[in-house]
Amino acid sequence: MTETADTRPGWLTSQELESIRARMPILYVQAVPVRVDEAGQVTHVGLLLRATPDGSFHRSVVSGRVLYHERVRDALLRHLEKDLGPVALPRVPASPQPFTVAEYFPTRGVTPFHDSRQHAVAMAYIVPVAGDCQPRQDALDLVWFTVQEAAGPQLHAEMAGGEDVLLRQALAHVGHIP
Amino acid sequence: MTETADTRPGWLTSQELESIRARMPILYVQAVPVRVDEAGQVTHVGLLLRATPDGSFHRSVVSGRVLYHERVRDALLRHLEKDLGPVALPRVPASPQPFTVAEYFPTRGVTPFHDSRQHAVAMAYIVPVAGDCQPRQDALDLVWFTVQEAAGPQLHAEMAGGEDVLLRQALAHVGHIP
Amino acid sequence: MTETADTRPGWLTSQELESIRARMPILYVQAVPVRVDEAGQVTHVGLLLRATPDGSFHRSVVSGRVLYHERVRDALLRHLEKDLGPVALPRVPASPQPFTVAEYFPTRGVTPFHDSRQHAVAMAYIVPVAGDCQPRQDALDLVWFTVQEAAGPQLHAEMAGGEDVLLRQALAHVGHIP
Amino acid sequence: MTETADTRPGWLTSQELESIRARMPILYVQAVPVRVDEAGQVTHVGLLLRATPDGSFHRSVVSGRVLYHERVRDALLRHLEKDLGPVALPRVPASPQPFTVAEYFPTRGVTPFHDSRQHAVAMAYIVPVAGDCQPRQDALDLVWFTVQEAAGPQLHAEMAGGEDVLLRQALAHVGHIP
């Protein structure tokens, strides 16, 4: 799972966070940004383009940690604003029920999801976005793909840690071919 | 379940529909209109006020039949527009997964839901509504209640056919006290 | 969508049903039979093998109509017993919330689902099956596939009407790669 | 939220856990044990009776922390076995999608849920239990209530931290009157 540095780091130093990451599952939220038509049908999926430390690129959904004393929906809103900018107008779901829970293990093969740094458990949501997106921080770009493109193997090859599986689970949940 | 006359009656006469109603479950959609805050939290629930043939009044959610060759999401949109007017700006959910399925039986006690006219099976959705609501047709008014009011016994006494149960199930689904 | 003839045809002659099918959406249930391990993880998916009138074969999930005055969960149980036999021990879900709603249109392309005979709306459920399955009626066999096999294109090519999409949506819902 | 001491405490001392609890949301699972009939309909809800340090009693659902490198479904199974004994035969859901997410804050009023010790985020599941339950550890008893009893105010008064709200949300999710 890729995410930008936290702009509001809470009450933990990097060192403390590293120490906890080795001993506790860390609670995340993930949001799949989508464009919907008037009838609510998903037409496009938005993916961030990020540069990795080794100089390659990959695409990802919006991800981030839930902080101490922060509601899940506030964490969603904060990470959406952080990654999509202040005028994206995301519509955070009314229900706290995620469409799935993605469990990222430091060991490969336990689940379809992997994160070498930590054991992260992400509650994942579909988030319709109505406004203009201006990726910030370390995201280079946000690209909207049609649902057909989003279901294709080419795009999946550009994703990491099993986020392609999450993307396909999102497509399935909104009634499309995953 | 109360609903207004269909504005697009499909290919069935009233008589034919009556005949089918006695022999087939009829597919419905129901929508609980809500107001949400910036973080997606439900703050208010909208209920229609309708006059019944016997001169009394009751409150109800948006309900209606799915027509032949109509998508569920188009049926939702049509009934929302019919009951809330053309500038209500309803946000029909991206996912076809309803928060519950309410089964209205002509016999009382099979489920919490009852409809003396028919066996109706309603897929129920929470629908955030952003615009102005102008109830049309036989609805006298649309009133927005706080989630606390919506959970109260007084309001439930003004609902019929078990729609108070549906309302409370909707509150539960969006994380409120039902 | 393929299903066996109804063993309890309700109060409709074939001719009446044909007439209604051309003018009303018909309510269906679909069940994806699965084997689960002790922790509830899906390990296998069960698919029926059926012969089609033209002499070919295809694989399908359990499908069938909801009858007048029949609860959705009773319809599920009836069709599971009809297709899997009396000792399959299916565990019909406690919640009426389906994992998706599959809309089969007589016209191709409206949704990923197609049924030339009718407009059918199917509430779809994952159903763990613990007992022995003995396919009955027109099903030739029930075969259990691993989740890896169930996600493969070969199996999908043997399914009709978009049921391969439903199968993949089911895999996505239970946390597998669709 | 009440839970028994962890039998497998992971790699954290009590002191370390206390320190983290003041600075990170802690990931929990909660399970509402239910009895279902042949058609999957919930007939009873099981609640644990526990003694509190101040000598009073209260009723609760099954709750517990997710440990490092533990899958959510394994955490569910572990806590169910810990609280209900080794022959309860719980049926952990096939889907990782919880019916709700309950957010317990150390501050009252942020959500309906409260835990003075910590900020806990619990993914909540309905778990049908088929076998015999023998409460262990600090639970004095497990009592099965009918769904009518489970919806009543008397029982809710015996629950703490907002677990009565979670119970009612569970009833709503399985189609009962909450």
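By letter and in written order, the chains are A, B, C and D; residue numbering begins at 1 in each of them.
Keep this in mind: a residue touches a chain if its C-beta (ideal position, glycine included) is under 8 Å from a C-beta of that chain, and two chains touch if they have at least 3 such contacts.
This one's a predicted model, so the numbers in the text were calculated from it and none came from an experiment.
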Inset, instruction - Could you work out which pair in A-D, B-D or A-B copies the interface of C-D, where over half of the contact pairs coincide by residue number? - result: A-B
Legend entry - Selected pair, greater C-beta contact count between A-B and A-C: A-B
Inset, instruction - Measure off the straight-line distance from the CA centroid of chain A to the CA centroid of chain B, and report it in whole Å. - result: 33
Legend entry - Mean-CA-position distance for chain C and chain B (Å): 28
Legend entry - Sites on chain C at which at least two other chains make contact: 71, 95-97, 99-101, 111, 173, 175
Inset, instruction - With chains as vertices and touches as edges, which is it: line, ring, star, complete or other? - result: complete
Inset, instruction - Would you pull the chain C residues touching chain D in the complex into a rising list? - result: 34, 36, 38-42, 71, 73-74, 76-77, 91-97, 99, 126, 128, 173-175
Inset, instruction - Could you pull out which chain D residues touch chain A in their complex? - result: 10-12, 16, 20, 22-27, 66-72, 95-101, 103, 105-107, 110-111, 119, 121, 123
Inset, instruction - Provide the residue numbers of chain D that touch chain B in the complex, in ascending order. - result: 100-101, 111-112, 165, 168-169, 171-173, 175-178
